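Before anything else, here's the structure in question.
Which chain is which? They are A, B, C and D, in the order written, and residues in each are numbered from 1.
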Amino acid sequence: MDLRVGVIGTGAIGEDHIRRLTHTVTGANVVALSDINVQNARRIADKYGAKFYATGEEVIAAPEVDAIVIASWDPTHAHYVLAGIKAGKFVFCEKPLATSANDCKNIVEAEIAGGKQLVQVGFMRRFDRGYRQIKAAIDSGRIGEVLMLHCMHRNRVPGPKHTTEMSIKNSVIHEIDVLRWLLGEDYKTAQVLLPKSSRLAEDGLRDPQIVLLETQSGVRIDVESFINCQYGYDVQCEVVGETGTVRLPDPANMEVRSGGAFSYEIFPDWSDRFIEAYDTEFREWVDATKRGIVAGPSAWDGYVACVTADACTEARETGAIVPIAIPRRPAFYKK
Amino acid sequence: MDLRVGVIGTGAIGEDHIRRLTHTVTGANVVALSDINVQNARRIADKYGAKFYATGEEVIAAPEVDAIVIASWDPTHAHYVLAGIKAGKFVFCEKPLATSANDCKNIVEAEIAGGKQLVQVGFMRRFDRGYRQIKAAIDSGRIGEVLMLHCMHRNRVPGPKHTTEMSIKNSVIHEIDVLRWLLGEDYKTAQVLLPKSSRLAEDGLRDPQIVLLETQSGVRIDVESFINCQYGYDVQCEVVGETGTVRLPDPANMEVRSGGAFSYEIFPDWSDRFIEAYDTEFREWVDATKRGIVAGPSAWDGYVACVTADACTEARETGAIVPIAIPRRPAFYKK
Amino acid sequence: MDLRVGVIGTGAIGEDHIRRLTHTVTGANVVALSDINVQNARRIADKYGAKFYATGEEVIAAPEVDAIVIASWDPTHAHYVLAGIKAGKFVFCEKPLATSANDCKNIVEAEIAGGKQLVQVGFMRRFDRGYRQIKAAIDSGRIGEVLMLHCMHRNRVPGPKHTTEMSIKNSVIHEIDVLRWLLGEDYKTAQVLLPKSSRLAEDGLRDPQIVLLETQSGVRIDVESFINCQYGYDVQCEVVGETGTVRLPDPANMEVRSGGAFSYEIFPDWSDRFIEAYDTEFREWVDATKRGIVAGPSAWDGYVACVTADACTEARETGAIVPIAIPRRPAFYKK
Amino acid sequence: MDLRVGVIGTGAIGEDHIRRLTHTVTGANVVALSDINVQNARRIADKYGAKFYATGEEVIAAPEVDAIVIASWDPTHAHYVLAGIKAGKFVFCEKPLATSANDCKNIVEAEIAGGKQLVQVGFMRRFDRGYRQIKAAIDSGRIGEVLMLHCMHRNRVPGPKHTTEMSIKNSVIHEIDVLRWLLGEDYKTAQVLLPKSSRLAEDGLRDPQIVLLETQSGVRIDVESFINCQYGYDVQCEVVGETGTVRLPDPANMEVRSGGAFSYEIFPDWSDRFIEAYDTEFREWVDATKRGIVAGPSAWDGYVACVTADACTEARETGAIVPIAIPRRPAFYKK
C-alpha cells in the first residue's frame, strides 16, 4: 500500500520533491498539496493528480494524507512541523527545521511529549554514497582515530537575496550536520575567519568565510564556505586520521583531452551533484515511514544543527571563539 | 495506471529485475512470473505479490499482463520473444535476443509482420551516464570525426562454465552494441587476436582476447576482453577523434591515502558498476511502454549484434579478417 | 670557470649538497669542507677531492673558496653567515637562517653595512616546478585575486628528537616562506589550533597542529602540519582565487590496478618529493653567484620567516591571535 | 677529468644536446663540433667554447675528442658511427642508428670485429622515470606474466615533411625499442591497421595508424600512432599482466578548477615531456663512457629496432601479418 503524502510548499524544491515522490521513488503518492502561490500550486496539483488545499493546516488535517513533506518558506517550518506532530503524522521537513534554536527546542519537546518520533530533517548528505563510504571507513578504524576534517562548500553563484548570515545558516549547516554524523559527536567551540572578500560578492556580502569547529573530543574542522566561486558547485571533504586520510571523490564525469588539457566537468549546481542523495533520502524516508519509524536525521539533529549555526553566527559577528552549548541528548533520541 | 509486468525466468538476474521493477522503478508492478525452478519461483512470487504460472507461455497469455520481461536461459529467449510478439505484448528481452542470427532474423520478421515494434533488448550500457556523455560529445562534434576506439572489458573472474566463445557472445556483445550506437554505423570487418593466455584461465579457456572491428566508414576499434583479470570489474572506453579524445571515467569512489599510496576501490562486479544503468534502462522502458513505443535497443539491434558476434567468433576460430555482412536495415526500424 | 665552493657541515644534508654540486650541477666544484665530526668529514673530503679544514672559519677564509654553503647545526648558522659576509663571499645557508629573529636581524644589518647582497637561504620550494606553476597562474590573473590558501605538510614519521616547536620552526617554515613568495606580501596575524593529538605521537609531542595566517591584504591561509601521518610525505597547496583554484599535483608515479583498487605510490620522504627542486635551487644559485648576484630567497626573507615562525610559536603557546610585526623592508632588498 | 665530446650535427636536437652536456650534465665538455650549416655551427662553437671542424670525420679524428655524439641528418648516421668505431671512440648516435637494416648490420659487424662495445643509440625512453617504474613492476612479478600492452604515441602536429612511413620509422620506433626492453624479448609478427584518416592530415598522409606487434612468447601489443592529434603530445603505455595492470602516469602539472571544469595541462611537445629522460640519458652515458662501457641501448638494439620497423612498414604497405625475422643475438651483446 503506497504512502500518501501531503506536500506543503510547492516552490522549486517542493515541486522537485513531488516529482521525485511520483516518478523516482516507489511506494508513495502525493495526494495533497498547498502553497501561498495558489496558481502555481493548482497547476502542480493538476499535473500530479493531487488535491489542492488552501492551507498547510488543511493538508496536515486531510484524512487521505499519511505523511507530510514541508518545503515552504523557512520561517513557516516550525509551525507546520508542530502541527504535524500534533496530528500524529510523520513529517519530512526540509532544512532548516526552524529558524531559531528556541523553535527547534519546542519541536523536540512536542515530539517527546507526543511519545513517538515523527520528524525527519532534510539533511540529504547523510544519504550521499561518498559520505557513506567515508563514514564506513571511519567506523572501520582503517584510518585510526579522526583528528581533522578539511571541507569546502563552494557554489558557483549565490541564490537571489543571499546574505552573509545565510552562508552559514543555509549552506554550511549541511556540513554542521553531516560532519557531526560522520564523527558521532557534538561540537564544543566555533570560530569564523573572514578572508578578503571576493570583488564579485555584491552588496556587502562577506564571501568567502571559513568556519572553524572543534568537537568535544578535540577533532578540528575547517569549512570553507564560498558562495561565489564562479567555477562550479564543488563540495569537498577530507578526513585525516592517525594513519591515513579519506576524501570525497569528484563526481564521475567523462574525461576529455583536447586543446592542450586533460579535463572533466564540474557540475554547475547542487541539484546535479546530490541528485542521487536526494533520491536515496526519499526512498529511505518512505520505507521507514511505512515501517513506522524515523531512520534519518531527527528533530534533535535539526535542533543541534541550529544551536551550532547560531554559535557560528555569533562567532562571525564577534570574531571570538564561541563555546557551543549543546544540551544533553534526551534518552528519547537514541544516538 | 501502473504497467503490469510478467517475468519469465527468475534466476539471479530475473529476480534482480523483479526487485528493481517493484522497489526502484515507479509506474510498474510485477504481477506474474514463471521459472523452471518452480520452488524458487513460487518463493519470489509470494515475496513480491505476483502470481506464479507453470509456463512462460501462460505468463505471456495472462490477461492481467501488459508487458513481458524475459530473463530465462539464453536458448529459450527467441521462443518467448516470438510468443510475446504473437500476443501483441511489449517485450523486454535480456541480451542476447537469441542464440543464433537466424533466430534473431525470425524475430525481426515476425515483428515487421505484426506491424508494430514491441521488442527491446537488454543492452543496458546505452543507459549508462558515462556512455551517454560520450555519445553527446561525439554528436556535438567537439572532438571532430571519430577515428578510433580503444576499449577494455575486464572481469575479475569468469562465471561458472565460462567458455572461450562466451567471452565474445556474452561479454564483448555489450561493446558490439554500445559502440555501434555511439558511432551510428555498422561494422565491416572483424579480426580476433589471441594473446598469450593467463595461467589463471582454467580448462583451455583462451583469455584474454582482443577483438578488432572496422566500421563501414573506416573507424578502427579494439576491444580487450579479459575475463580473468583478477583485480576487479573494469570497463574502459576511449574515443579518439580528430581534435581530441573522450573517455569513460572510473566510477567515483572514496579517495584514500594510506600505507604509502593513494588509492580508490575498483568495483568487483558488474552489478555495482552498472547498477544505475540498469535502473535507468527499466525506468525508460516502463515509460516508453506506457506510451506505446520502443525507445531502447530494438530487435534489429539485437540481430545486428548477433551477426557481428558470429563474425567475431569465426574470426577467432580462423585467425582471418572476416567481413561482417549486415543486412540492409528495413525502413520499419528507424535509425 | 667553475665556482669553487666550501661546505661547512657534512651531515646528511651537507653531504647530499656536496654530491649535488659535484655530480648533478654543472659549473661548481666543492674544494673545501669542515665538520665537527672530523672522521666523517675527512672521508667525504677524500671521496670528493676537497680539502678538509679544521674549522668553518678556515673554510671561509680559504683563498681557493669562492662561495660558502652552510649546512651545519642550526645554532651555528648565524655565526658562519656573518663570517661569510665579513669575508665578502657569497653564502648559501640552509634554512633556518638563524635560530632567533635577532640573529637574523644582525645578518641583515651586516649585509646592508657590507653594501652587497651575498646571502641566499635554503628555501627550496621556490624552485619546485609545481609551486612555480602556481606562482605563474596567480601572477597571470587567471584565478582573479587570491582569497585563501589551504596547505598540508605531512611527514610519515618525525625525525629523531622532534619537538612540538620544531613542527613550526623547521617544517612549517617552508610554507611560511613559499606562500609569502607566492602572494608577494607579508603576514599580519598568526593563530595555531591544536587538534586532538595522534596517539602515535610520542613523548608529549603535539601533532598535528594547524597554523592560521592572515596576510596584510586579508588573504587567509591554513597550514596543516602533521609530522606523524604514517602514510607518506605529502605536501599539498591549493590556492583559491575569485574565479578558480590552482593546486599542486601529486608527483607523477606509475598507476596500478590490482587487488580491487587503483593506486599510485606516495613518496615516503621529502628527499624524493623535492629532489628536482633541490637540484634547480643549486643550479640557479651557482649561476647567479657566478654572475655576482643573489636571485633566490634573501637574508631578508630568512629574517621575515623567522619573525613569522616566532609569532606562530607564541600563538601556539598562548592560544591567542598574535600580530606579526614585520619590520619595513629596507630598499636594499628589492621585492 | 671531464669527458671531451665532439658533436656532429648542430641542428635543433644537436644544439640541445650541446647545451645539455655543457649546462645540465656534469663531467663532460663539448670541445669540438661540425655541421653542414657552417655559419650556425660556428656560432654555436663560439657560444660553447668548442672548436669548429669542417667535417664530421675531422671531429672524430681530433685528438682532443674522447667521445662522439651524432645528431646529423639520419642518412649520415651509419657513416659516422662506422668512422667512430674505426677510431675506437665511444659513440652516442641519435635514433635511428641507420636508415636501413643492412647499414645497422654493418655497424654491428664492425663493432664486433673491433672487439669492444662502443655505440649507444638515442632511445631515451629507457631513461624515463615512468618507464623505469613499469620495468621494475614487471620484473618484480607483481602483475604476474605480461599478456598485453596498449600504447598511444600522439603528437599535436607533425613536423615538416612528415610522411606516412616516418610515423613508424621515426616515431613508433621509440615504442619498438622501449617495449622490447620492458619485456626482455623480441617480436615475432607485425600488422598495421589504417583507420579512417584525419581530415587534418595533409598531402596524403595516413594518420592515425595502429601497429600490432606480437612477441615471441605471445604478448600482444597495440600502438596507436597519431601524429596529428591536435591536443598535445601524449604518450601512454598500459601493461596488462595476469593479476593487474601498470600504466605511465600523465606528467604532474598544476590542477586547475575554473570555468566549470577540473583540468591540467598536457604538454605540447616531446621536449617538455621527456626533458628529464634526455638529461638522465646523457648523465648515464657520460658516466658509463668514463668507465669504458656501454650501458644503454646498443648497436644491436638499434639494429633490431630497424628490422622491426622495416617489417611494420611492409605490413602497412601490404595489409598482411608480416613475420619479423630477428637474427640470433651474438654473444658479444649480452642481454
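The rule we apply is simple: a residue touches a chain if its C-beta (ideal position, glycine included) is under 8 Å from a C-beta of that chain, and two chains touch if they have at least 3 such contacts.
Here the structure is a predicted model, which means the values were calculated and not measured.
Trainee: B-D versus B-C: which interface comes out with more C-beta contact pairs?
Mentor: Answer to which pair has more contacts is B-D.
Trainee: Tell me, please, which chain's centre (mean of its C-alpha atoms) is farthest from the centre of subunit C?
Mentor: Centroid comparison gives B as the farthest chain from subunit C.
Trainee: How many angstrom between the C-alpha centroids of subunit C and subunit B?
Mentor: Roughly 58 Å, centre to centre.
Trainee: When the centre of a chain is set as the mean of its C-alpha atoms, what distance in Å lies between subunit A and subunit B?
Mentor: 38
Trainee: Can you work out the whole-Å distance between the CA centroids of subunit B and subunit D?
Mentor: About 44 Å separates the centre of subunit B from that of subunit D.
Trainee: Where does subunit A touch two or more other chains at once, residue-wise?
Mentor: Each of 230-231, 243-245, 250, 257-259, 264 in subunit A touches at least two other chains.
Trainee: Provide the residue numbers of subunit B that touch subunit C in the complex, in ascending order.
Mentor: 230-232, 234, 250, 257-266, 268
Trainee: In their shared complex, at which residues does subunit B touch subunit D?
Mentor: My answer: residues 144-145, 147-148, 150, 152, 193-200, 208, 210, 212, 214, 217-220, 222, 224, 226, 228-231, 240, 242-245.
Trainee: Over in the complex, which subunit B residues touch subunit A? Could you list them?
Mentor: Subunit B residues touching subunit A: 22-27, 129-130, 133-134, 137, 142-143, 243-259, 264, 276.
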